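First chain A sits with chain B, and in the next complex the same chain sits with chain C.
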Partner chain A sequence: MSAMSEIPLPQTVKRAVPWWLLRHETMLAAILIVALIGLGALNNRFLTIDNLLNQGRLTTEVGLIALPMTFIIITGGIDLSVGSIVGLCAIMLGYSWKSFGFPLPLAICFSLLVGAAAGFLNGIVITRVKVPPLIMTIATLALYRGLAEGISQARSVRGYPEWFYFIGQENLFGVPAQLWLLLIAIVVSAIVLDRTTFGRTLYAMGNNETAARFSGLPVDRAKLIIYTLSGLMAGLSACVLVSRVTTTRSDMGIGYELDVIAAVVLGGTSIFGGVGTIWGTVVGLAMIQLLKNGLALTGVKGDATIVVIGAVLILSTLVASSLQRRREGV
Partner chain B sequence: MTAVTLTGAEADPRRRLKVLASQEALLAIAVIGLAIAVGLDNPRFLATRNLSDVLLGNAYIAVAAVGMSMVIVSGNIDISVGALIGVLATISGTLAVNGAPIVVAWLAALVAGILVMALQGAIIAYLRIPAIVVTLGMLSILKGGLISVTGGKWITDLPDNFHLADVELFGVLPVPVLLMILVTILAALWMRYSASGRAIYAVGGNAEAARLCGISQPRTVVMVFALHGLFAGAAALLYATQLRVIQSTVPPNLELTIITASVVGGVSILGGVGTVVGSTLAAVLIAEIASALVFIDVSPYWIRAVQGALILITVIADILRRRRMAGA
Partner chain C sequence: MKLGLAAAFLGATLLAGTASAADKRWDGADDLPVNPLACSAGEASAAPAAKPYDGGRATNAADKSGKPITLVDVPKLIGIGYFNATSKGMQEAAKALGNVTVKTDGPTEAKIDEQIKFIDNYITSGVDGILFAANDPVAIAPVLKKALSKGIHVVGYDANSTPDAREWFVNQAEFNGIAKAMIDSMAKEAGEDKSFAIVTSTFTTPNQARWIAEMWAYAQKCHPKLKWLETVEAQEDNNLSFNQATTLINKHGDKLAGLFGMTSVATPASAEAVTKAKLCGKVAVVGLATPNAMKPYVNADCVKSVVLWNPVDLGYAATYVMRAVVDGKLKPGATSVEAGKLGKLNVVNGSEVLLGSPFIFTKQNIKDFDF
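For the complex of A and B:
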């Protein structure tokens, strides 16, 4: 749990309701449950094991990127280039295997390395030159997407060996294979954020970076790590995506950054930094994916689903903001 | 930095250097320098028709970037403007096709733009929700709503007099270019010489200090977003009228192109710094680069990479330059 929530409420503010019920994540989870029941009532195919597991498969690609994005947003930063890194890594995977003759396992490692390097470039410029994260990653959003387009010249790559499709298309113990990957990443991220000094450092940076720096915390190194991690996870997401759809194109990952940020913010992470949890992000991811799926099964066109998600995003932030203000007694 | 106006008598070497070091001057030099360099390699680049087309085809981005610059100077951001331009273009086109007077069709886009942006500004300012969240949500609403309502159909058979882009004053100056120049000048003067314009810098630079000076931060933010909506409406009209059809989809990545023009133009993402002149010059530079690449036989697939690198280089150079000047 976040550091702030561990602080007991002032004695003068006694409440009949336990503090944990007022947490954003809890309320969001309650809304999610209500939405699930509602959507389940509308369509009997929605609340089936097969459907829910399949949604887990579809959520993984955005989910893998949303975890390090939570770290970044908690520090008050942002990374808009993740979608483009997915595209670039997918292209590098395909081209290193097909054009450069890399064995596929080596090509996979190479694309992960490209993702990490892309994230590292973001981090190094943000920390050394002090370019604001929003601007830096807008620049690299164009740069990395541009590199993907330039290298591929809009040609696609296909014909990967059968074993490569396992992670994207098969099940392991009855659960989609990539969902296991996401679950592992969730647990590791939550532990790092909640139980390590590194995680505390991120919260400190988000609350007051100058104070954190003067307290001796390794602010620049932490930034470098989280942006590099963001690139690496985008590369991993690219591999999962290619495995699922069996082909590589330069336009892969377009728009991912908005889905990722929506999930993180919906989950209660403050865009200003200092507040947020991995569990909030997980609930946010589930909310968005299940809304999309439930509405689709009900017959609502995909475009209208986007409208609903946009409205939910604003309303949930409004509710969270109101609660936050009430709790602070403003 | 704000560009400084000098008279000959007042000029001294230090101030002259400062003027040359401003972002606007650097951009102007870059625009001219690039034109000369590419022109030497391929004289056809400098043909009047090509230069006119570069300006004409991208005037709407420059107009939208003027509003975006104001928003960013106020310490906020808007990523829904691309979707809004798509929606407003569709509204205007639909009215025109259904027989509404052309002036009404045009005004509808402007008014709708103001209302939508003022609403967002009010949510941001009065309900204190971060701008990036509100505009991210609005982006989804506008984009999804546009496709849902139109069903993906294009708008065709627009009346001839609907096409603003076809009008040329004095036979040589297309209306979009004139509008771009006019909007930039008016906005620049207003930002610099009016109390409400200066309030934007105050709010963006230090909101608490601005409040203590008696400036109403919420009202200023709503005003900025409303103006941004007005410029988005104007941009939508230019966008809608330069082709014979209106596609009922959101122009891809338009909001990022507009934000790029603002930032490359010298507006600080942290608020409080920048001018609209810079964003217009930056928009012209970006358009010029795309055209130049074609004339020097570079594959069009590399254009976005070049633009990304340009943003990177410009932003890094700008920050390093500010740091050096601050240290001087």
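For the complex of A and C:
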């Protein structure tokens, strides 16, 4: 051991603070841990396995969509239609099963297909017609919600078979079933973003799309893939949501886009593109969900909780970005 | 090419959807069976057959009979006059009972997912009882059943869940009773053969859908010449309700003789739209609303009848029912329950406690109410 300490350290490691400690994600994780301890001290039911797992269950639907949203925001794009796609897919699941008479497994596949198609439509117009993602997905936010209401005639679908409730309500090895789904999705997304050419392409597009194009990267194909993926995951989220609440309504998923984007951006993904990690998004998700839950358990009322969350979001972003500026010496 | 395909695909899905639903009226009604009341007030309608208790049971609830209890009230949303009034009634009951603490907390928008999260959190934080007004009768059921399984008592008011997900439901007025009061008032004010439109919250909101279904059934039976133009959604949103009512007035012009407001937000907004359009006396407004919001329009003779129950009494009754459940005084099979200043309330429909007949506020009596 003593021999090892005599090896000269590289210059970068000799700095007072290791580089990874000043990363946005690390800072956020530290803030999260402090908040957890604080809230845990205020309420003895907060830091129980039961409660934390239950919060995982409740955050899965938003979490599933936040992963592809991280990809999209890294490229400098945005998808505001995800909440409406959740509504549309939930309706397509219920209606293809009840009205078209599809067997439920086929109805699930069909609703996932509709989700992917809705995302594909976003992608194709964004890449071919060059409509900015913000405009296109605001348009489809209205369009898909309208379709959901029109197709369903605003009637709910209920009475699914018992087995369908497994993914939304049951446990697998003591952990909520949908949380396994989220964990797998997180691992896959993290590997794709961090370890594949596709992942590097997304960063390159976010940093400088023109340069990425001239470097021969398949920019349009990558966009098409991530928007389709976003729609597909929104469809998956819809299935989990319908299973959890046992009913299909056309107003499902309203406002999800904001929850999703808040988690992604809080997790350190830059809205200008080029910067971001899946791990940051996961911390962002956990932060928002646990803060809401912790505050509610501590006796803060619903309307005050929103104010506190807003303040915390601003604060932690301020702290993180000022630290980042110091690190970069700007 | 690909774009065309995608559009064609979505278009086809839409067509398939509308085709399958084309035979139904898009009037915001649900598909449940209806039970219209008799046309004239004198005729007694057939008394419904007594139903056995069909509510749920809290498992292994702690015996808190006569002991202080903590309740949480999770309405559809907070910050509107109606649920402020039910909350006020709960505080009055808590004060009268002396051994009840009740806190109202809920989402700021009427969203089912948010409401479920609130209830879930209160199950974790530990309360003796949950009072709720459901945004969706089925979607709310799993989380209420979870509460029952943890020994927490569950009583609903205003908007029901599926019966097995709660122990009792305090029914403010029966749907067919409200429907009769609304349609009769409209036929009297606008005319038997006139056209009207409806401003509702959303087509998926259970109470509003139920009322509209009962109104349709009652109108078919007793006022068949009334013409139904359309039903529009306006959430529980003031501005949107006003805009929707104004659009209806502009769109249908002279044909429109009446507007129904199905929520405590839509009715005053519709009255305001009629006032702004200078159509008071030409377009009748009938609806569900709280008296304070309607006083200006009633006093200006723009609105003649406002249909409602007393929401303060509703919250008051729900709290008394919860106390009686905890004390073991209201058991399955009971036919009535004592509710303080309201006296004895009857059990109907298996596991519902009925508050009473709907109340119609007019220029003569509206000044006596303040909520």
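Quick note on the criterion: the second predicted complex is superposed on the first by the 315 of 330 C-alpha atoms of A that agree within 3 Å, B and C clash if a C-alpha of one lies under 4 Å from a C-alpha of the other, contacts with A are read in each partner's own complex, and residues count from 1 in each chain.
As a convention for this text, contacts are C-beta pairs under 8 Å (C-beta built on N, C-alpha and C of every residue); 3 or more make two chains touch, one makes a residue touch a chain.
Predicted, not measured: the structure shown is a model, and the values here were computed from it.
Of the two partner chains placed by superposition, only chain B is touched by A:T317; chain C is not. When the shared chain is aligned, chain B and chain C each come close enough to touch A:L147. In the superposed model, A:L134 lies in contact with chain B only, and not with chain C.
By the document's definition of touching, of the two partners only chain B reaches A:V265; chain C does not. By the touch criterion defined above, A:V125 lies against chain B and chain C together after alignment on the C-alpha atoms of chain A. When the two structures are aligned on the shared chain, A:V307 is found in touch with chain B, with no touch to chain C.
Chain A uses residues 125, 129, 147, 149-150, 152-154, 254, 301, 303, 306 to touch chain B in one structure and chain C in the other. Residues of chain A touching chain C in their complex: 43, 45, 50-51, 54, 58, 92, 95, 99-100, 114, 117-118, 120-121, 124-125, 128-129, 147, 149-156, 158, 165, 169, 241, 244-247, 249-252, 254-255, 292-293, 296-297, 299, 301-303, 306.
Listing the residues of chain A that touch chain B in their complex gives 78, 125, 129-132, 134-136, 138-147, 149-150, 152-154, 254, 258, 261-262, 265, 270-272, 301, 303-314, 317-318, 321, 325. Taken together, the chain C residues at the contact with chain A in this complex read 2-3, 6-7, 9-10, 13-14, 16-18, 20-21, 24, 26, 28, 30-31, 78-79, 105-109, 111-113, 116-118, 120-122, 124-126, 136, 138-139, 141-142, 202-204, 233.
The residues of chain B lying in touch with chain A in their complex are 77, 123, 127-130, 132-134, 136-148, 252, 256, 259-260, 263, 268-270, 299, 301-309, 311-312, 315-316, 319-320, 323.
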